[in-house]
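Labels for the chains are A, B, C and D, by order of writing; each one numbers its residues from 1.
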Amino acid sequence: MATPVTIRIQPDDFDVAREIAALSHGRTDIGAVVSFSGICRGDEDETKIAALTLEHYPGMAEEEIGRHVDEALSRWPLNGVTVIHRVGRIEPGQNIVLVVTASQHRQAAFQAAEFLMDYLKTSAPFWKKEESAAGNGWVEAHARDDQAAARWTKS
Amino acid sequence: MATPVTIRIQPDDFDVAREIAALSHGRTDIGAVVSFSGICRGDEDETKIAALTLEHYPGMAEEEIGRHVDEALSRWPLNGVTVIHRVGRIEPGQNIVLVVTASQHRQAAFQAAEFLMDYLKTSAPFWKKEESAAGNGWVEAHARDDQAAARWTKS
Amino acid sequence: MKVKYFAWVRERVGKAEETIEPPATVRTVEELIAWLSGLGEAYAYAFEKPKVIRAAIDHAHVKPDAAIAGAREIAFFPPMTGG
Amino acid sequence: MKVKYFAWVRERVGKAEETIEPPATVRTVEELIAWLSGLGEAYAYAFEKPKVIRAAIDHAHVKPDAAIAGAREIAFFPPMTGG
């Protein structure tokens, strides 16, 4: 059976429990499910944030995530992968992104989820604009995210 | 504010979404929530499993998990930790264990969840007995779990 | 060829997409950025730091020396900040 | 002192816990295992491979050379397989 893969880009919120259940319900070959939820924080480097607006590159975003999911499937024995990324206006405390990975063993599920998050941060075409008391501005990329993604490069 | 920590050992199933919400709902300082669900598989090394029965050492199990949660809190900047371990009879497809970690940043949440799972496997006093067509027998510890835990040892 | 702009590149250029016809001497992504910079103040501002700009051809990331021949859609944007 | 047994150690000994009074010459966990092994066939079977047996004193893991003096509760069990 092909590994179930779900990739969605949507303005609406997601339900972590529903997505975990969709991957694992009724299956007895899965031993480990890891979920990562990325949440909008109320402050960033001491600045109070009123909201974020997420812009994306339709078409490329889905394809780029798909390429990294394929890469994850080739690296780890996974039983399912779900990636959901929200776009539009998101307020502090609300969900931004969800990655769920399922595998027989925990290491594969953990590593695949971390790998996908590191690449979502650095290579999926999404951009965050912040609304704060200081005005609106585009979030700058962090060098630490490039470093996090670089550790997966095969040498 | 002290970091919220929940440790429960119970025969009943848990609700991943409720536990994630309990850690993160209404908070705007959390940027990342990682959940790990360990699920009973229907076969182990080619043997079909009818069910597992989990035995534990009451008192020590809670204390041992608490010691590792404290260790995780001292190693990573966490905003919350939940560990739930079920005991009693568990059938394939059902949940066994849940770890949820919350932090400002994803690396801390991922690493703390992996650390806690590795130590739950090797040092929390729980034992699994398998029911299968071949009869009932105690699950043997895996060397790979000891190796996974060893990588967290500070040198 | 179709060109798309995202985030602050889009805001500075003042449009999300357009169709352009660069001369045949413009062969690579970095040459296209240099050519676009000459189209007016808004473009010069958007591409004032060409090393910061990322590019994709037909939905795949490319480097500045990538050839643009045969491209249906080229996109320019700042480093990504999703996730 | 109270002794507890878990998993197959419990099944082999045939009881979950008991109160024992080892002689004063029994000072460490490994000496206690050797002494328990002499209490009968069930104990000899449970402790036949002493290196496999794990021990805890008052809810904390201990090594075979740990002193048992002052212990309120000592537990013996196989390697853990939770999680």
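Odds and ends about this structure:
Please note the rule applied: a residue touches a chain if its C-beta (ideal position, glycine included) is under 8 Å from a C-beta of that chain, and two chains touch if they have at least 3 such contacts.
Computed from a predicted structure; not experimentally measured.
Separation of chain A from chain D in touch steps, taking the shortest path, is 2. Separation of chain A from chain C in touch steps, taking the shortest path, is 1.
Between the Cα centres of chain A and chain B there is a gap of 23 Å.
Chain C and chain D have Cα centroids separated by 72 Å. Averaged C-alpha coordinates put the centre of chain B at 26 Å from the centre of chain D. Inter-chain centre distance (chain B to chain C, centres taken as mean C-alpha positions): 48 Å. Shared contact sites, meaning residues of chain B that touch two or more other chains, fall at 38, 117.
The residues of chain C never reach two or more other chains; the list is empty.
Pairs of chains that satisfy the touch definition comprise A-B, A-C, B-D. Against chain A, in their complex, chain C makes its touches with residues 4, 6-8, 56, 59-61, 75, 77-83. By the touch rule above, chain B contacts chain D in their complex via residues 38, 54-57, 59-60, 63-64, 85, 96-97, 117, 120-129, 138-141, 145.
Across the interface of their complex, chain A is touched by residues 15-18, 20, 24-43, 92-93, 104, 106-107, 109-110, 113-114, 117, 148 of chain B.
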